[in-house]
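Both of the next two complexes hold chain A, though its partner changes from chain B to chain C.
Take a look at the complex of A and B:
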């Protein structure tokens, strides 16, 4: 699924359930909460698909000190934003994988490889993976994550990737899937649908 | 836990009592030092010259330079669009317990222009020293940490000269995160005279290249512990009149530094007069036209820098003002310490994780060639107990 414009970063930490990595300074504006991304597993046979659930800027005392200034010198701002290794870290929840031609909405047998490049999923690849909204199951089953907000953001990404004429149909399909998964938990269902509106 | 706490407790109490006594003694010493400094300002120049001569060749201190001692030096106007470059270095020292004997020097430089929205240019250079002739002196003794420091200091000055020649447009400021004097020449005890001379010559050549580039060169020492001006003030005090040479070798105000003195005297943004450092090592620099002078700069609230400059900067008021104003501008966002040096340090520093990585790579490469990368038995034994509390 290589239909992206270059990797957003590389993996530094991973498990079968999630993976995290550093964002390339040149790609800081691309990853977003709820965006789909992919990386290869250790054997190169599986493409693991994740949804970005967190973007963090690591603690940096120099940046903190500079941020407190009212008049930051122009050359130091340029240095901080263009030169210094911006310690931005992303984390993605695994929501499925692709093996051969098959898409499986379950945890992969192996995690992605350390330092694997991570690409954003877009175009036909994104349409294909989100063709069914079954990835919602793994998002809703994740403890300690803002799962309803994350699911709504992921669905918004999937809706936006579709042609305008197809968006209502997909929204209805996704709504039904979520309603089925949260049939016994109306407050959470309301949260997802509320965040989707 | 192996400390005997009941035995330690009274000693801690004695320690705090001792600190209290020292503090009140320091306050008295400081008043005496200020009085001596005032005497220095009033002393006729020929009398001061006489006492400096009388102090003898072993006396180490500050000699009045091109500035008048009673002159004040408020912040000069800054140069718009000033180019500033900084260099710093870091190292991995040789470890005779490691799998292989080597050392590493990592250098970093940065060049920025005040007010520019372009990102500064950065440069790093990493060099591994591993050939037998790099690891042993001509006397066949293994090199020591001081020799590594010398290579690092020489590398820093050379990188600064390279950057100045390539990047500065006439009126730049070149900052070194170190004293300008190569003190390590006195520490590398195993090195022969020829080897030390080679280093000194290369270092002085780099300083000359900086001079030719038109840059104003300055070495920055944060929290200096020196007391050269106090030594001069000691010579000027009325009690020093006619004292023997032996007597002047002792610090006149023990426990005090120039920092204590100038914290009382310098308003924020101001600098002290420039002094020439009197030391045997500076004589070598002086012979080469690079005598080291220094002044103190109050950059921010109670933050003082010792700024060392070569003679060709100390004798040129425009260059001195460029250093003074440039340093104040550089320290605005970093608590008084120059931004370029904060960044050069960040780029140069070799972290513990990187040290481990280098050792791991070397171990892996040795293994691939069938050489077992064993650390010494002593080193291995230490890892067995590290991180574990001692047991009886």
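Take a look at the complex of A and C:
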């Protein structure tokens, strides 16, 4: 079992490249942009690992009406924010998978199962998966995403997971991996490193 | 005792496990570009060092020389967007990945798994072959062991335990050269090599010692004295013959003879070499042959005669055979030069040539000290040309007799000339004895050892015949080009040459070494004396014999 305090939500839509789902109300404060998460595939043989690249709350007519009020009573605001079931959705980009003891930094053969629980990757699992920064390749190759910002956020979470004394070493190692991938594209490399500092 | 030191004792230290880098591109003719592993510091690399490349596909070992070091960037935009000086992360990340070092390696030799001796390359290692710093054992394997014919001349850069041994047999087989700017140690290297040749007995040497550097004690800029060849070989293997007895004696040289040249022995060909130095025009030079023919062997004495105009000379002018102005100019120029040369004597002194030839034939090397005459280039050119022409003629005669089995092969002879460009410049090299010897290779067992600071002044064809080139620092482009004329893959070596230290470093390439090598030349010190004389440097009796006769 991954070292988490429980799932952050369940999958509602998925493909081999990404998966999305809804966040449990009790876990609203846990998922973050750039956090690593994982869910199992349909056969339960592989654990698909993703990086959260989007968190969103869809609007609805009531919310729009309440937002238009000039004097919104505090009780109504608290009720709408805390008690009303407005789903918070997340989307994660697949950056690898774990099969048996092997970690593979590539797209999985199958997507996770719908309504599978999604866990945040943490502790030894996070250290193990981010031991190499090879996940950066899939992030940088994703079109239509703020890939440099996403990669920097993912690296920050990987760095933060490490003991204080190991962070500089890892930052340099990861930075060099990214530099190798973006050796011919200095502006993007600068964006990543700039966001990493 | 652990296993590794025991293995090291037997096989030498293992080559570093970590490659310096990988072969990225290149060709047989232009050399290889190697991307430096980020784990190595570019600033620790140096041109002239050896590397070993393990062929990725065949396992062939290639030996090469670092000939250039460069900074490169994966993105040409780096020069416009360098990381900020205080941005430590970017600086560290860029180094080795975006901004990296490359080595230009000239592959020289290859060694296949089933062979003992490396041989010249015919192919190159493939992409991504690993490049390692050559170990001392790798380099020693290339340059072999010192023996009777392989003479230790120096050590590769940063490999003081490895000897670079010059194949003296091959060195004397073809003409060779020692080049370098003034003050870079040409004379020391030349003297070292000559000591090796004398010690090996592979050839006699005739040294035209312009600055009195080779025969007897010589001092460097700091005033420290070094032994000459005559002091190193006190058993008769080296003779010092002087042109200037007074100066030689004043210097304390032990001399074995005095060289004089009779006016009657001089021929127009001997004087023709002096044309530019004496300011003789073409017409005047041609007139020398006419005058020699008409006046006979004492032509110079008669031309310089102060006992009035000779009838015959007047008759030549009257009959229009020679213009009075031409004759007058020749006489003035002769009178301003010949009488000042004390080694020129009236009559004939041909026995001097016989004496030198006899010594050379017996295996004795001859150092011809010029004394104060070394300051007069015309004297040097005259004597070197005079003696070489005659000795070469005797060698040709002997060689022809040997071909007809009527005499023994003449002993190989190496003639050492300084200021060689004066003898071998394109204007005169085609018709001087030195040009002839350089082109003949070893046909008559006579070769040259050219010592010069301006190789660009030497005719290209002669330079291309120079088998082994020992080159100290040169910084003139034309001189550097000249040194590499006729050498394949020379472009890369130019960078090596231009960056030698000003003292005690030389690039050796050609016939006598298996591959080009930058050496820190052997110290010319008591250890060297001891190795030559066979007397231990530290012994008390050695001290006496090393410093005195």
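The rule is simple: the second predicted complex is superposed on the first by the 192 of 197 C-alpha atoms of A that agree within 3 Å, B and C clash if a C-alpha of one lies under 4 Å from a C-alpha of the other, contacts with A are read in each partner's own complex, and residues count from 1 in each chain.
One rule holds for everything that comes next: a residue touches a chain if its C-beta (ideal position, glycine included) is under 8 Å from a C-beta of that chain, and two chains touch if they have at least 3 such contacts.
Quantities reported herein were computed from a predicted structural model and do not represent experimental measurements.
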item	value
Superposed partners chain B and chain C on chain A - clash or fit	fit
Partner chain(s) touched by A:28 [first = chain B, second = chain C, both, neither]	neither
Spatial angle chain C-chain A-chain B, Cα centroids [nearest 10 degrees]	160
Which superposed partner A:189 touches (first chain B, second chain C, both, neither)	second
First, second, both or neither for A:197, with chain B first and chain C second	second
Chain B versus chain C as contact partner of A:55, first or second or both or neither	neither
Contacts of A:107 with chain B and chain C, given as first, second, both or neither	neither
Which of chain B and chain C A:179 touches, first, second, both or neither	second
Minimal inter-chain CA distance - chain C and chain B, angstrom	48
Contact set on chain C toward chain A in their complex	38, 74-75, 77-78, 81, 87, 89-90, 92-94, 96-98
Partner chain C, residues of chain A touching it in the complex	171-172, 175-176, 178-180, 183-187, 189-190, 193, 196-197
In the complex with chain B, residue positions of chain A that touch it	62, 65-66, 69, 71-79, 81-84
Footprint of chain A on chain B - complex, ascending	110, 112-120, 122, 329, 332-335, 339, 342-343, 346
